[in-house]
Amino acid sequence: MTNLSGRNIISFDDLSIDDVLSIFETADEINADPKKFFGHASGRIASTLFYEPSTRTRLSFESSMQRLGGGVISAWDVNASSASKGESLADTVRVVSSYSDIMIIRHPWEGAVKLAAEYSQVPVINAGDGKHEHPTQTLCDLYTLRERHGSLEGLNVAICGDLSNGRTVHSLAFALARFGSNIIFVPGDGNDIPDYVLRRLERDYKAHIQKEGLGILKALFNSESPTETGSSINAIYVTPKEPHQLAMSSLEGNTVDFNIPEGESLSLYVTRRQTERGSIEINKGDYPFLDEKALSSSSFKDVSILHPLPRVDEVSPEVDQDPRSLYFRQAAVGIPIRMALMLHLLGSTDVENKKEKVFNSGQFSGVKYARSDFVCSNETCISNKETQFSKPAYEIVKDKQYKLRCLYCDFETICDLVGNIESKFFYSTELLDRFLPTVLLENVRFFRSDEEAKLAGFKKASDRWNKLQWKTGRNSRDWIETITE
Amino acid sequence: MTNLSGRNIISFDDLSIDDVLSIFETADEINADPKKFFGHASGRIASTLFYEPSTRTRLSFESSMQRLGGGVISAWDVNASSASKGESLADTVRVVSSYSDIMIIRHPWEGAVKLAAEYSQVPVINAGDGKHEHPTQTLCDLYTLRERHGSLEGLNVAICGDLSNGRTVHSLAFALARFGSNIIFVPGDGNDIPDYVLRRLERDYKAHIQKEGLGILKALFNSESPTETGSSINAIYVTPKEPHQLAMSSLEGNTVDFNIPEGESLSLYVTRRQTERGSIEINKGDYPFLDEKALSSSSFKDVSILHPLPRVDEVSPEVDQDPRSLYFRQAAVGIPIRMALMLHLLGSTDVENKKEKVFNSGQFSGVKYARSDFVCSNETCISNKETQFSKPAYEIVKDKQYKLRCLYCDFETICDLVGNIESKFFYSTELLDRFLPTVLLENVRFFRSDEEAKLAGFKKASDRWNKLQWKTGRNSRDWIETITE
Amino acid sequence: MTNLSGRNIISFDDLSIDDVLSIFETADEINADPKKFFGHASGRIASTLFYEPSTRTRLSFESSMQRLGGGVISAWDVNASSASKGESLADTVRVVSSYSDIMIIRHPWEGAVKLAAEYSQVPVINAGDGKHEHPTQTLCDLYTLRERHGSLEGLNVAICGDLSNGRTVHSLAFALARFGSNIIFVPGDGNDIPDYVLRRLERDYKAHIQKEGLGILKALFNSESPTETGSSINAIYVTPKEPHQLAMSSLEGNTVDFNIPEGESLSLYVTRRQTERGSIEINKGDYPFLDEKALSSSSFKDVSILHPLPRVDEVSPEVDQDPRSLYFRQAAVGIPIRMALMLHLLGSTDVENKKEKVFNSGQFSGVKYARSDFVCSNETCISNKETQFSKPAYEIVKDKQYKLRCLYCDFETICDLVGNIESKFFYSTELLDRFLPTVLLENVRFFRSDEEAKLAGFKKASDRWNKLQWKTGRNSRDWIETITE
């Protein structure tokens, strides 16, 4: 039995598979008899704090809380009120959390809701932090698919459109991967899925790149009648071994074939062009458009059409009446899902029992680097906005290069340089791999440029010295020695 | 017993006389013991969706729902949130209706709430759609008069001020007519009651034009002490046989006399200058102004003073304490009235049983003309704004000319031309009257101008041909034949 | 037993000491078992009408009402809605009070909530009227201090920062004085406590000026380690005999010493720079700043740190974790305090039994001067904004000069001239003192300038005449005679 009471839901990753299934089971019960749950939150108050407008999400939470018998306090134009007096998010959250039993927060800056949770006395739900996470949207997405298809395992879910800016997409991809669905990324031109998402799918969920046919999905881009067999496509996919992951980073490029296996269903998840997030302008025809013609292939016979809404023009209104359309159902399940989630979080006052990730020993990758003198490269990360209240920390990521992944916003900053705090010399991070077993994290400082290292008072180790160190192993000893004590 | 459950209230006309009386009886019960009704809507949610600000109306609905024990979700600055992402009203309504049990909508475009009701899963109440309808205001108006005077039948109600733009006025006029009140229109200069309202009063409620004295009401326009007897006025009235309707389209013009019969009461309904709706600027003295002096005539001894509020300066604050002032009572009854209305609409989940109007056979007038290729002439009609989601339809209206009354916004577009879809010729609509019994509606297309008809691929029938057709009856046969199959 | 039901809370002065203690006792009960009170306001509605944004205060009231089981209707961007149609505050309040059982109002104009209460049918709570009053903030301040220190009597409370513009400060000073706390005013440069506040402390609460040491508090202004003994300060204090009042109008000037007695605690109440209220720009170092260093003196060992929030930078975040910091507790007690207050006001429907102040006979000072032809000098006083609905009235105040204290906003207008309504001559107000016993208030009109008096049709009495009057006593008789009848 999973225990969610008192927990914060900042990222979908905060939920285990058991947690999610437990929420789904409660949502099933609510769907079966919604009135039964009225009164379960009597006398409890939810606060909705929206620093960015979102009628849909806010109303969904507020309706859910009231269907449980609870009350709601709401501030959805926060910039116009206290914020204009210069109050920090941390202070606002400390106060408002003392007025309520659960907080729902939306904020334009990545990581802001994580910071809020650090200062809140009550459970916090992320209702969207910039282009970062929106975990309850993902819960609704999964629940809708599960409701229609019975299970998420083995579903082929094509995710189409703006894959670079849509926060819902990244959460969904991770979630689908965890639940064993197969993913096909079908980005609009210039809206590829970011590398760090692909890498994380691969790294954390054992995805690996493979090639499959995808031609049939091309029909979505020019609204022509789809061919009945797989046709040529121009992309690379990322596919995990299990669950099955297909990623196509661009429609330009290599030609590959994709055939949906017989008897398997296909779900389409279309996102709108998020123009307000600064995505690239797309020419007509470069972005998916679903109408009845595009959906006329027998391959789409049992397809489910999902969309997080609001839509602009990616899905023709003529599709609305089509029984394959689930996007309004997807919105409607927001009520039982959010009722279930809040019921679980309010369930008892047990203190959250966060489990620290266990990292592999003998390597830096995956290790926490908690130095406030390193500044996240994402300008809209909350750690760059509320410097007095944030506690910057990073996960060290190593693939081709060393990177620091911000624990607030997940942005990965490439760090090619590493300083030895004792000797005050800095080196290429390549050295780390070689001497890793003997390097202590406390003696290491990462830099993204020579300038940054020099400003911090470090001197560049000469190339010749570096080479010597590499060659002799003797000169490198002073590095090793100083960092191992 | 009337059954309102599950119904939409878009226009006051959606309510039968029995419906209204049934609501009033419930409101009487609520007034007698408000606490008795707390809990009747427990666990139910009302959503207030305001695309145009209106504190008064919104708070009245929200208080009413909560006095019933229900919850409220509210978005009252909608343009700042989802709407700015380009979402259609239809989509917003589909989603929000899945969060709530009843929707209350205000929108700046005429017909918008009717369109919303077409996409909502739950009952919709119109809280004002542009300058079109505002049925709950009318309910409050009638209830206040009934409360004071015991009955609406035979009341002489003078409606003064801006009669051209005020939506409350038109609804009120139709409603008063149906309940047997006598109406005197006293427009400010340039704010006459529109022709289509007068015509509909005449057509649907058997009003006919007659002349009566109205001099005493002139005092309202210059705040001088009123004369005690009827004095000269300069106008034309429209008066229905039963109920008694007096319409004066302007204070300029003919001189007529009006004397309020002995023993009959007079109610004044004053509207404010709706400057934001683009009404004509009125010089001081051209607009009614009520102060104690203007009300000093013994004819006004038992007058009821109503005003939909907010007022600007039409009623002097000195009148506020006068027991004849009912405008604050009029606002206060908004609570029991809206509680009663919502109770009835939420009453059960019976599906709305809309009755189609029965039209007279053998004539086009009153017949529905549902062609999406005809565009309503009202630019702010919702059918011109949400073209993808609206289903334009019209009622064919014939008085002097043929007109198409939009079923969304009630605007009447004059159509002097009619096309024969088979022959592709277009003619004067005068022909329709002659050949009506044999013309099939499916073969007819209405046009407002030659250009429109030609753009649609129709050719103009020559005058000589037309005359020949008229004369011989033989040439007209090809018209008749083609249109009768 | 105090009876608060049906009362308005416009100023903290509307509450007697017994009232406050009664509220505190209820708050204690709520703190002990909050759930016990759920349902005590079932079916009741609170309306929050905010003409100025204040997320914190609004949410606190709305949470409190819902924790009692009541409902909330809220308009917190009022200028965008009905107000833009030109509606008066009086009309809005009359209508919204008919929708609710209690009103909570914030308004940018001084006295606005008092005017609102005059038109409301239900109890009104002032949630801030311009820079005037904010009584529930004061209740929270006192309750927090009482909770920590057991009692308010004999506490030494230093009030630091912007003492000229902060409404919370003035209310707090009066309240602390009434409850027997000692006050030390420590203003930032140019932010002295206003004279009328000092005068009222002295006049109404028997404060008198005395000098004490205050050097230790200087540390707050430059964030240096405080000296352990009293050091030189540059100010004048106002100290009541009992309770003990210490007022220092400026840090510049005279040198005085202040030593906190052994064993007595010191509370610091820091206000933020209220830039939006037009306070003077303060150079760094001229405004108090609390960090751990400044608080390192043993004199501050048991200090309580209060702040009404939101803060800008007066208190370092490093102090947040310090157990001496109470400012977040101060915000949190807003819930039990406002629950308790609303419970008391909603308690029964007894009509408010306002007691008229009893004035001393034989003097004008303290007497009510209710003439609408005198206009308050405070431009943002509600009486200058809603002239049709306000009923201007003043208290005559005499210290060095005659002044009229507006009963809406408390602003004191100096009036050096007084007119004799019968003779139409005006004189220096010095005459009043001399002839007071025989002057009737009805015959007197106050003026602030010759121009004003002349505009009102009064003639200036010549200096020679005045002198003669003074000397002979005979010529002055026509003044006395005309005004005494």
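Per-chain numbering from 1; labels A, B and C assigned in written order.
One rule holds for everything that comes next: a contact is a pair of C-beta atoms (placed from the backbone, for glycine too) under 8 Å apart; a residue touches a chain by one contact, two chains touch by 3 or more.
Small disclaimer: the values here were computed from a predicted structure and weren't measured.
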Angular offset of chain A relative to chain B [C-alpha, multiple of 5 degrees]: 120
Fraction-based call for chain C against chain A, same above half, different below: different
Length of the line joining the C-alpha centres of chain A and chain C, rounded to whole Å: 50
Sites on chain C at which at least two other chains make contact: 72, 77
Contacting residues of chain A [partner chain B, same complex]: 34-35, 38, 53-56, 58-60, 62-63, 66-67, 69, 72, 76-77, 272, 276, 309-312, 317, 328, 331-332, 334-335
Contacting residues of chain A [partner chain C, same complex]: 42-43, 45, 47, 71-73, 75, 77-78, 80-82, 84-87, 90-92, 94-96, 98-100, 388-389
